[in-house]
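What follows are several structures.
One chain, chain A, appears in both complexes that follow, with chain B as partner in the first and chain C in the second.
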Partner chain A sequence: MLLIKNGKIFTATENCYQEGSILIADGQIVEIAAKIEGPSEAQIIDAGGRLVMPGMIDAHTHMGIMELEIGYAGYDNNEMDDPISPELRGIDCINPETRSFADARKTGVTTVITGPGSQNILGGTHVAIKTLGYRVDDMVVKNPVAMKCAFGENPKNSYGKKGRSPVTRMAQVAMLRETLIKAREYMEAKEAVDGDLSKMPPVDSKLEALIPVIKGELPLKAHAHRADDILNAIRVAKEFEVKLILNHATAGHLVARHIAKAQVPCVLGPTFTTPGKYEMKDVTFKTHGILNKAGVKIAIQTDAPISPTMHLPLMAAMAVREGLDHFEALKALTINAAEIYGIADRVGSLEVGKDADILISEISPLQYNAQAWKVIINGQIVHSL
Partner chain B sequence: MKAITNARIYTMAGQVIERGTVSWQGSSITGVSDQLLAPSSDVFDAQGGSLLPGLINAHCQAGLKESLLDYVAGDDSNESSFPITPQLNPVHGINPADPVFAAMLSQGITTVAIAPGSINVLGGSVAVLKTCGSTVDEMVIKNSAGIKAAIGDDPKQFYRAKPFVPQTRMNTMAMLRENFFATRDYLQAKELADISIMPPYNAITESLAPVLEGELPLFVHANRRDDIHSALRLAREFNLKLILVNAAEAHLLAEKLATAQVKCILSPGLKSRSKFELQELCWQAPALLSAAGVELTVVPDSNVLPANELTAMATMLRKNGYTLEQVIAMLTIKPARILNIENKVGSIEVGKNADLILYNNEPFSFKEEIKKVIVNGQECLSKGGEQVATD
Partner chain C sequence: MLFIKNARIYTMAGKIIENGSLLIEGSKIKEVGADLKAPLQAEQIDAAGKNIYPGFIDAHSQLGINESGLGAEGRDGHEGVLPVAPHLRAFDAINPLDRMFQVANSSGLTTAIIGPTSGRGTVIAGSMSAIKTTGDCIDDMILAECVGIRCTMGPTAKHLALVAPRIPSSRTTIAALMRDTFLKTLQYKAVKEDRPQPYNMVYEAMIPVMEKKMPIVVHANLKEDVFNAIRVAKEYDVRLILLFVAEAHLIAKDLKKEQVPCLLGPLHAAHSNPEVRHHSKTAAAELSKAGASFAIIGNTGRSKSDAITVQAALAQAAGLAEIEALKAITIYPAQIYGIDKRVGSLEAGKDADLVICRGNPLTRDGVIEKVFVNGEITYSN
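Let's turn to the complex of A and B:
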């Protein structure tokens, strides 16, 4: 058992801090109260008035999958053979030894969403994992959490430049629609079997992987930077009545009203990146505040290792400088990300019954000189100053 | 005369002036004092805000590798047809309309050194420009602050794929030596020759001559320890002035660099460890090198600079052991010395260019707001917050 006393607690359920203590047993939070007299066997951490908050969630990464540092040997990010590759699963290529995970723990990032890249129109599934573990299966919070799809320049560059489809944005959307229509028919054909195996359609692993998307159980996570790509994603999601998460949404502030109306959450970032593509020309840290004020649920990502995961709080701090409310930024780093990916039953806030993933920091992680003082994952202290 | 009064002045030439006035005439600073002036149409009341010299980014490819265009149309950063091209000058490839300049200006970066990329073993000159202006010619303050070289992964990786040379680190160094030997012979021949036996004009050796004669430094892109040692060996053999660029592992041989009086342009932390040779990147590197006595500055080293990065780096340096004044020095007077432009910029002193940033509040705190940016005495930015479009 672990007892954190004298904390200035941000639970992420309310926009305030409260003085109090947290009791942890078997990796879970069992009590939060102004004062707790824990059992004598409990290990005590005296937070001494420090900020106690949920472990942060990096809401989009390729951690363990894209090992830039070792080049081709570590590059498992994009299977650039078929632009329609929904049958791939991010969980099959995660190397827990990648140093990003150690960086994440030191920063107070306790959960990350990781999965395939954006070169394919449909790239495969993303998974939510803890940043602690030696075997990915032990790290999983939920698998899958989203089906990756991509709009805009990346699929065009990967395939169009080789003379293959998609060459244009038109083809991207057409290929996605065609696949979703086939998946719907495949699902309906399977449902119509009704015990008569002679009616069973031949197995199709690509369409099989999309059934949870069609059923509205698994969100499409759409890589989209430019405003028109964002609107394309919203239009397709509406047509098929599928759940949608906008990934990057770099020009989101230009179409904030439409995103809010469609009630689509946005995973913003990495923002600290080279606007090396035309579709990123509107990149600004103002997007976060504008979308939040428009009523859009936002989370923040580093796209690690594209930008280092240890800069997740730094990105939130820059967004605060450019207009995002302080508490809304803390929520974007925690509970919002959990809700967007359907893992809020386990992580993202400090509540009884949730995983004991906790960051204790001298001061708000949004201040420039903040450092993680203690980081706890599953009730285990994984970083300590 | 114009002036900013009632400001906390970080002159970078002596003590901070707690409350004082900076005045200028035309493009030059004419007065720095702890006296206050009465506000008027020409005298701006800073109301206690912080006044800094314009920031300097000592190495990037702004306008050379354009931020918005795709690779061929907007990329003029590497003449990758031949690995030895020291005769090139970025001045002839920079697009001043690239929005990166406005973005840098909005963050108070008023001077920028622009160099070719790291594909060529000898890439070309390092040009120094102001970030405000509509033509390159009016922006340039120094046509060549040195010659850019690159060793390590980048040249061999690119040319091996062609295939061409160099394919190994050995040949990268051999090619550098060969060109400096040729330059030495060329200079000797020129010195000895009468007009009838003058050696034919050679653009490569002509451009390397000032480096060999010690008038200009060699900027060497090198990351790994072994590459940095190779650069030191080359510098010793030809008695070159050396400035290391990127230098991801420099902090691992800080003492040696201090002894050799090598200056560093580092890019710690903010970027990804995207290659094997960048594995040792860390925020502690600047402090370790400074402690050993190495003169250095930091740059984001994106191909093109995202506007916020230099100031975010400055903030991260405060977190990693530097005082605010040390951080300001690292982005003003130190890069000015490294680029040998400290007679014009880098501090707030009489006679220097009136390049000033006025902050409403504490600089490099994630909370700073820039009130004014002045370049050559002209106000280039005045705001209460940049506006972005939204529907």
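Let's turn to the complex of A and C:
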């Protein structure tokens, strides 16, 4: 048992701090109160008035899948053979030993969303995992949490330059629509024979993988930087009545009212980066505040290891500098990400019954020199100053 | 409500109205005429000494689909690797934030027909949309989602057989691919009406063509390509619109006889390749004289985006009557594409898309003062 005392607690359920204590047992939060007299065997952490908040969630990464530090051997991010590759699963290629996870623990990032990249129109599933562990199966919070899809320059570059579709945005949307139509037909044919393999149409792994998307159980996570790519994603999602998460949404501030109207959440970032391609030219930290004020639910990502996961709080700090409300920034780092990916029953806020993933800050994450004092995952102290 | 008064109104539906007024309610024209009374609550604009025209229409534009100032990142008009791709949709690839939309709108262009573009390797390229020229979300700018299926016949669509041994590398294959697609669509449709079958996006997109609900819009410059297009279209009884038609002036009587509308231009282009070596600014005048149906295109987005009025002016300079030149960028393209219930003329019930101009917009000294789209001022000089 672990007892955190004298904390300035941000639970992420309300926009305020409260003085108090948190009691942890068996990896879960069992009590939050102004004063807790813990059992005598409990280990005590005296927070000394420091900020105590939920462990942060990096809402989009390729951690463990794209191991920059070892080059080709660790690059499992994009299968480059078929632009329609929904049957691939991020969980099948995660190396928990990659340095990003150690970086995450030191920073207070306790959960990450990780999975395939954006070279394919449909790239495979993303998974939510804790940043602690040596075997991915034990780290899973939820699998899958989203089906990756991509609009814009990446699929154009990857295939168009090789003389294959998609060369243009027209073909991107057409190929995605065609696949979703076929998945719907496949699902109906399968249901009509109660999944009896002997009577089913020929098994198609790609279409199988899309059934949860068609059913509205698994959101599409759409890589879209430019405003028109964002709106294309919204149009297709609406047509098929599938759930949608906008990933990057770099020009989201230009079409904030349309995103708000469609009620689509945005996973913003990596904003602390060079706009190395045209589709990122409108990159600004103002996007966060503008979308938040328009009523859009936002979370923040580093795209690690594209930009290091230890800069997740820095990105929130810079968004605050450019107009994002302080508490909204803290929510973007925690509960919003959890709600967007459907893992808020386990992580994202400090509430009784949830996983004890906690960051105690030496210096607030919303300062440039943010520093974690203690980081707790599943009730276990994984970082301590 | 907005009441514009004392103007000379070129309605493109009947006579020019001197000292006329026009009443806008919401996004529509409520009334046009000489003796209108301003409703009490209406805001008024005095347009004394000015001319009013319907918003101009570019019957073939590349706005936002082949974007300005960009390389491959912004080129989304030509897929190129699929010879038969009617299932591609232009509006999935149009970026309303391309600045050329504003440039075009400020020159009086209120509707653009935007489609996939011609190029090597593509015979059937995809669907074209009618788009209003202002907005930040393409879905809100669509006047008509699909007004035609864009095709290319002639040398432009050919691969150079020696460089890239892929189809089509000859005009025989181009025509054969069109026939093949028509025939397979007819079978797909027949089977579909009879029993369930796997969804095919290509043939689904072609069904409206075979039902004559949708025309094919065929890039054809040389006389022989024009006649090839007419032959293939007749064989399968599909509606045909011809595009560019650089040699139209040489076959004006045939075009009249066949009753195939032609989208002519851009008239300022160079004689830059064998397909357009005979092109002439007289094309519109010749078709008009022969009584054939035509419109003048600006190719905005690719050509200079403020060129639509200049294109009409060039046609006028080559012998086309002024009113015909104006109709060729307003009511004629609207009729050809079947969007004339909404746009193309100033009549009660139509969209309030209009241009207020000091002087004649087909001359250098004409100054466009205000442009309206859906009843809203989108440009003001």
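Miscellaneous remarks
The rule we apply is simple: the second predicted complex is superposed on the first by the 378 of 385 C-alpha atoms of A that agree within 3 Å, B and C clash if a C-alpha of one lies under 4 Å from a C-alpha of the other, contacts with A are read in each partner's own complex, and residues count from 1 in each chain.
Rule of thumb we're sticking to: a contact is a pair of C-beta atoms (placed from the backbone, for glycine too) under 8 Å apart; a residue touches a chain by one contact, two chains touch by 3 or more.
Everything quoted here is computed from the prediction, not taken from an experiment.
After superposition on chain A, the partners chain B and chain C are seen to fit next to each other with no clash. Within the superposed three-chain model, A:156 lies in touch with chain C and out of touch with chain B [touch as defined at top]. Judged by the touch definition given at the top, the superposed model places A:317 against chain B, while chain C stays out of reach. Looking at the shared chain after the overlay, A:286 reaches chain B, while chain C stays out of its contact range. Of the two partner chains placed around the shared chain by superposition, neither chain B nor chain C is touched by A:205. Contacts of A:228 after superposition: chain C is touched, whereas chain B is not reached. In the superposed model, A:278 lies in contact with both chain B and chain C. Contact with chain C, but none with chain B, is seen for A:185 once the two complexes are overlaid on the shared chain. Contact with both chain B and chain C is seen for A:258 once the two complexes are overlaid on the shared chain.
With both structures placed on the common chain, the touch criterion links A:306 to chain B but leaves chain C unconnected. Annotation: apex chain A, arms to chain B and chain C, angle 80° (C-alpha centres, rounded to a multiple of 10).
The gap separating chain B from chain C in the superposed three-chain model is 7 Å, by closest C-alpha atoms. In the superposition on the C-alpha atoms of chain A, the part of chain A touched by chain B in one complex and by chain C in the other spans residues 254-255, 258, 277-278. Listed in rising order, the residues of chain B touching chain A in the complex are 67-70, 99, 269-276, 278-279, 302-304, 306, 308-309, 312, 315-316, 318-319, 364-368, 388-391. Within the complex, the chain A residues that touch chain B are 68-71, 99, 253-258, 272-278, 281-286, 290, 304-308, 311, 314, 317-318, 320-321, 366-371.
Interface residues of chain A facing chain C in the complex, by the touch rule stated above, are 153, 156-157, 160-161, 163-174, 177-178, 181-182, 185, 226-228, 231-232, 235, 251, 254-255, 258, 277-279. Contact residues of chain C toward chain A in the complex are 64, 70, 72-82, 85, 87-90, 92-97, 116, 126, 136-139, 198-199, 201.
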